[in-house]
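Pasting a structure below so you can have a look.
Think of it as A, B, C and D in the order they're written, each chain with its own count starting at 1.
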Amino acid sequence: MSETTSEAAPAQKASPGPDAPGPGTSRRGVGHLLRWDVLVTALLLVVFLGGSLTSPSFASAGNLSFALGDLGEIALIALAMTMLVVAAEVDLSVASVLGLSSALVGSLWDAGWSIETIIPLVIVVGAVCGLVNGLLVTRLGLPSLAVTIGTMALYRGLAYVVLGDRAIAEFPQQYASLAVDDVPGTPIPYPVALFVVLAVVTAIVLHSTGFGRSLFAIGSQEEAAFFAGIRVKRIKLVLFVLSGTIAAFAGVIFTLRYGSARADNGVGIELAVIAAVLIGGVDFDGGKGTLGGVIAGVLLIGLLRNLLMLNDVTTEIQSVVTGLLLIVSVLTPRLAAVIRQRRRLPAP
Amino acid sequence: GGTTKDSAASAPPAAAPASSAPAKADPNAPIKEGLKIAFLPKQINNPYETIVDKAGIEAAAEYKGEAKEVGPSDASASSQVSYINTLTQQGHDAILIAANDANAVCGPLQQARAKGIKIVAYDSDASKDCRDLFINQANSEEIGRSQVKLLADMIDHKGEIAILSATANATNQNTWIEFMKDELTKPEYKDMKLVKVAYGDDDDQKSFQETQGLLQAYPDLKGIISPTTVGISAGARYISGSKYKGKVVLTGLGTPNQMRQFVKDKTVQKFALWNPKDLGYLASYAAAALASGQITGAEGEVLKAGKLGERTIGKDGEIILGPPFTFDAANIDQFDF
Amino acid sequence: MGETGPEQPTLALSHVSKAFGAVRALRDVSLELFAGEAHALAGENGAGKSTLVKTLAGVHRPDSGQVLLDGEPVVFHGPADAQQAGVAVIYQEPTLFPDLSVAENIFMGRQPRGGLGRIDRRTMNAEADKLFERLGVGLDPQRPARGLSIADQQLVEIAKALSRNARVLIMDEPTAALSGNEVARLFNVVKALREQGCAVLFISHRLDEIFELCQRVTTLRDGAWIAAEPVEGLTHEDLIRRMVGRDLDALYPKQETVAGEVALKVDRLTREGVFADVSFEVRRGEIVALAGLVGAGRSEVARAIFGIDRFDAGSVTVGGTRLPAASPTAAMAAGLALVPEDRRQQGLVMELSIERNIGLAGLRDLRKGPLISRAAERDRARDWAVRLQLKFGRLTDGVGVLSGGNQQKVVLAKWLATGPSVLIVDEPTRGIDVGTKAEVHRLLSELAAQGIAVLMISSDLPEVLGMADRVLVMHEGRIAAEIPRADATEESVMSAATGRAA
Amino acid sequence: MSTVTTTPPAPAAGRSARNLVDMVFRARELSLVAALVVLVGVTAVANSNFLSGQGVKDILLNTSILALLAVGQSAVVMTRNIDLSVGSVVGLVAFTTGDFLSADHSRGIVSVVILGIAIGAACGLINGLLVSFCRVPALVVTLGTLYVIQGVDYYLAHGRQINAVDLPPGLLDLGNGSVLGVPYLPLITVLIMLAMGFYLRSYPSGREFYAIGSSPEAALLAGIPVRRRVLAAYLLSGALAGLGGVLWLARFGTVVADSANGWELLVVSAVVVGGVAITGGVGSVYGATLGALLLTTIGSALVVLRVNPFWQQAVTGALLLLAISVDRVLALRVARLLRRRNVRRV
């Protein structure tokens, strides 16, 4: 913070900056280690070790399977959210889409439809929800934070319209177990396995395709991206549709996993998803972040919570820990930048 | 104390459906020492639940058990499920749960039972095949019907009435409301009309504003039933400070400490509740008795619940605390909870 | 004029060094600014001129050496300190508050006060009006700064600096986006200030301007101090040699080419309120210049052709295919490329690296299967960085740390790499040093010779005259004249641009 | 260099365009007022009770605290930041001050108000220091402090409840009493809003809030003390949230730990509906207050119009979207109109 430069500020946020060859590389090494997504992964390992030491049941297959299964929906939605946030947008309506999808599954099932018809239909509805968000953001140029606060109320409201105060249960066992059971021979529940597959796909898309590159460009300088011929609006629209679709799908899993369809399913998980994405080191101003960081972030939050719960740490303290983790997640790279700068200053 | 007419009516003790309780009860087994039991309320920070759980934890001290309260800060089923999983991993003897969603908690509860953990639902039931016992604060039907009677007497069986509930999905509320509606179909209530069920989400401020809305939207409203402690106190507070005081009758389920002021200033004449401390106490003993093998949860077995005496297990593994008690200006000062 | 010999310098730098990481932007540089003297700072792109300016302005603190105010060492902890000391700065890149009015931008922090210490808006607007009158521009003080063209923004910056009645006026390429007209006005005002005893530091890549305005010039090369000498007696060639370290070839290496078939045809293009009825053609191998005063609508035409803005009427045809309105993607597919005028907002993604920026306009070409090939991306970037003599540390460095001129080169590289058939360049050499300018000109010539059609928008009249086969002159949103190379002179172009000739 | 002088500027065209611009900016607030009038009108026709003394008083009381928070929030949002922790702060302050008072009835109202504001300001200070001096993204920091403050609040409360009987009547009177028929709460809010609005518009340091939000980079170069202003915005937001907490206690009397739980998004909606740009630099506290009023009125009107409770939330969401969309469409329309009329004066 010794510098008062304005131009340097964004530069510092960016990549490690120009370095001399030779001695510079070792400095770069330190800078690299101080990158938040690397730190998150390290923290994750610490939690894992700590968990195994303090609680005998932590590392058991049963517990891990629970803990991972519990993360399922949040992790899935976080994939789409990561792409949105990298493109400097956000979707706060995901939890409501999840609720609406759950309500639809319930009411249609109650009306005698088969699950095979319900699932695709619900996913289409989710896509439409995303489309509405996307159109409002791209066609009218409204800020996504504002739009999705609105649709958050709208979609949740529609869930209540669909299902009211009813709670639908008793879904067929084979589907329910698909949402709960482990892949044979592993402690990994099916939804988590699905997540792994999708995460790999998302990582490749985000980091190695033109589409992914475009997201980073849009996120850091939308106008320049548009001038470079990137279809900014279309891409954003796609992202919102994707987000809605995944949220609806997560709603189906949620419903089957808990065996209960209610209009208030998943209330408030949007903040958990965003917290996970941010802890994973994605910059809320767009243009920066890695999917690996996000995955580590999701796991970190989930396992840490699990560990705290196993050690009888109360909800209050869990809340404080989550909050501190968030703050540390942005403070660390910042401090790292300062340290890096300090080291560089006495250069000849 | 004493059994309710419901459980007394369906007495045949032997015919327990063996599905959930295969083991044989030994009524004379002593309560084991050092039992680990956990209370999982709908939500921590709900004062009512805190009273219940505290009493339950104190009861555990009587029988030398170890009890604790854990729970989420939001009243959602999914957060409760995480806690059930954790408690299962920790290896407790019994889990007591006030279910946020009767079905959503079912799977994990089944898994807990598979590990030999006894499950007691209290306050708000879980599906009956996922728990061993349900400690019902009062007979649901009785609560529903008596609330209507209470209100009807105060408004001469005439006029528009409304219900201010908790969340739209609250199972216990919805059961009571069903019985209220059924009661209202009886001929003696033909002049009473239920115009609206509003939801205050068990949030003080929301309930407060819902009451406002009700009174404005239905100028001819004569009475409100709020079968939730949060709702009735918020509603009473609004009415006591508005022009509707003395014109609209409010009743429901509330704690004496919350309502004392409004009974004294005549906003509210009568309301009902059971003793939440007794509920926690009874639930705690039920869990201990299950875990010690004194009972299995079969219909007709008798639970010895310390200072509360005995209760007989009714149909579907339900134990009823007792009839609700009606508070009014004459008796309210005798209670402190 | 105001030179009073050994008098103390108002503001000076003494043996200042400044490094950014491994880049040593300033090395032991000294500079003295005297009251009543206009001092020029010359140097290639990346020589360290802006860094020097920011050091004087309190934005950067020197690693070693001192800033001297009236002979006393001072430490500026931030821009506010420097302003307090009477230093007014026009930065290379305009830094306005887009949501505030133009007048508020000018007077931020120094608003005239009325009763109760409140801001007196009426006086503020009147003062702003007066300033603009002095500069001869017709900007409305009450309009928001958002939407001002780069040139107008620069003018607001100038008004802001002038309004401070500063003892030291520092101008980092204030004229880069201005046409002759505004420049002349600006110089009149600056000369008047100088005569009143203001010390002036002036930076420009247009050498003529240095010779017109300044008495003394300091030259930097690669962050090192080369010379400080009176302008009198210096020739262009001398100055260039100091800056570049060698002699230069022709600045306008125009190759004669034969115009081929029509590559870009613009027919009756109209965007209401901005430009109307614009028709022209550009043939393969031709360089057509679009000249005009600031705000004549040249950039707007370019934007509409490329599909950034939607046009209301007319058509654009590239190589026989008619372009849909408002689709840059379609325009690019048809072989169009646009080097925009505002490199920081439109040309570059500041946080991305040099190679990512160069690759951005051609993500499709970099694909190997569905994935991007990093090797292809790096090759493409390295190739063009070398061809344009880009001065950089690593290709993976963010473009944000490059000097202004080098940033401009990255924008050029990005678009040239797409291999366009029609190239639109909007102020292609804005902020580019003479050496590179010649390089860019040669490049444009070569491209034209290879059969590319080039539409060049430029406010630099010598550039227009030196490079164009044909000059289209815009005036108030319409094409006022079309002048073939042979007839194009300063006079003919300017008179058309000011609306005095048909 | 040719020195051609141009004709002097012809002001007419520019001025008329400006007037239009002016109108649009004022229209942001105007369109809110219009929406309110329509909403209240329709509702009042359907149910005359809505505009009765009691009805109006209820709406004003319901709006007060939200509007107060929106005033603080808009100062933060104007500097291109955000404060998500306000809801938690209200909860924390409402509970701690309630606890403070119920422990000893003789404690004065003034001391409680000061305590509440101090706690709020302390929370704001932490947010502000983190955001302005450590330069970390506001959204992340305040989401973090949201969790932390909530955790602390829950920890302190631990399931307890403060009841109206535990509180001195003086405080409850502050929440529900009135002077000359105007309840105290809206009075306090309006006074604070006017003071803030006046300050932000008419004082150089107030304008700097807008400048910072409009372009933080330019603000630094212009020598504006960016950090101090951002810190001030957070302090203000925190302090107002603290005051809001005390007023909450005064108004509702009964508090548990989770008062104003989840209000952060409600407050942000109010600010956004009120025309304060989430990207900073644009808007006014008047707009934000109107936004809060509109949101509250929608909520009340739906109940009074006897909209099915299951439809209420959906309708609220739809109206919210409608409000911001219409505002936006109008702005785009006028911008297009402006462009067409735009005759450049050179």
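Everything below uses one rule, namely that contacts are C-beta pairs under 8 Å (C-beta built on N, C-alpha and C of every residue); 3 or more make two chains touch, one makes a residue touch a chain.
These figures come from a predicted structure and were not determined experimentally.
Undergrad: By label order, what chains touch chain A and chain D together?
TA: B, C
Undergrad: By the contact definition above, name the pair with the higher C-beta contact count: A-B or C-D.
TA: By number of C-beta pairs in contact, C-D is the larger.
Undergrad: With centres defined as the mean of C-alpha atoms, identify the chain lying farthest from chain A.
TA: Here the answer is chain C, farthest from chain A.
Undergrad: Give, as an integer number of Å, the spacing between the C-alpha centres of chain B and chain A.
TA: 38
Undergrad: Suppose each chain is reduced to the average of its Cα coordinates; what separation in Å results between chain A and chain C?
TA: Using C-alpha averages as centres, the distance is 42 Å.
Undergrad: With chain centres taken as the means of their Cα atoms, state the distance from chain B to chain C in Å.
TA: Distance between chain centres: 75 Å.
Undergrad: Multi-chain contacts in chain A: which residues touch at least two other chains?
TA: 4, 6-7, 160, 164-165, 268, 314-316, 319
Undergrad: Scan chain C for residues touching two or more other chains and write them down.
TA: 59, 78-79, 95, in rising order.
Undergrad: Identify all positions of chain D at which a residue touches two or more other chains, and write them in rising order.
TA: As it turns out, chain D has residues touching two or more other chains at 150, 154, 217-218, 220-221, 277, 309-310.
Undergrad: Strictly by the criterion at the top, what is the full list of touching chain pairs?
TA: Applying the touch rule to all chain pairs gives A-B, A-C, A-D, B-D, C-D.
Undergrad: Touching residues of chain D toward chain B in the complex: what are they?
TA: 47, 49-50, 52, 54-55, 58, 62, 150, 154, 157-161, 163-165, 176, 248, 252-261, 299-300, 302-306, 309-310
Undergrad: Quick one: which bits of chain B touch chain A in the complex? Just the residue numbers, please.
TA: Contacts found on chain B: 44, 68, 70-74, 76-78, 81-83, 85-86, 89-91, 101-104, 106-107, 127, 167-169, 171, 174.
Undergrad: Under the definition above, what is the set of chain A residues touching chain C in their complex?
TA: Checking each residue of chain A against chain C gives 2-8, 10-11, 13-15, 17-20, 24, 204, 208-210, 213-214, 216-217, 220-221, 223-231, 287-288, 344-345, 347-348.
Undergrad: Of all residues in chain C, which touch chain A in the complex?
TA: Interface residues on chain C, with respect to chain A: 19-24, 54, 58-61, 63, 77-79, 95, 308, 328-329, 331-332, 338, 340, 345-353, 356, 359-361, 363-364, 366-367, 370-372, 393-394, 396-398, 400-401, 414.
Undergrad: Going by the contact rule at the top, pick out the chain A residues touching chain B in the complex.
TA: Within the complex, chain A touches chain B at residues 57-58, 60, 62-63, 66-67, 70, 160, 164-165, 167, 169-170, 176, 180, 254, 257-260, 262-268, 305-306, 309-310, 312, 314-316, 319.
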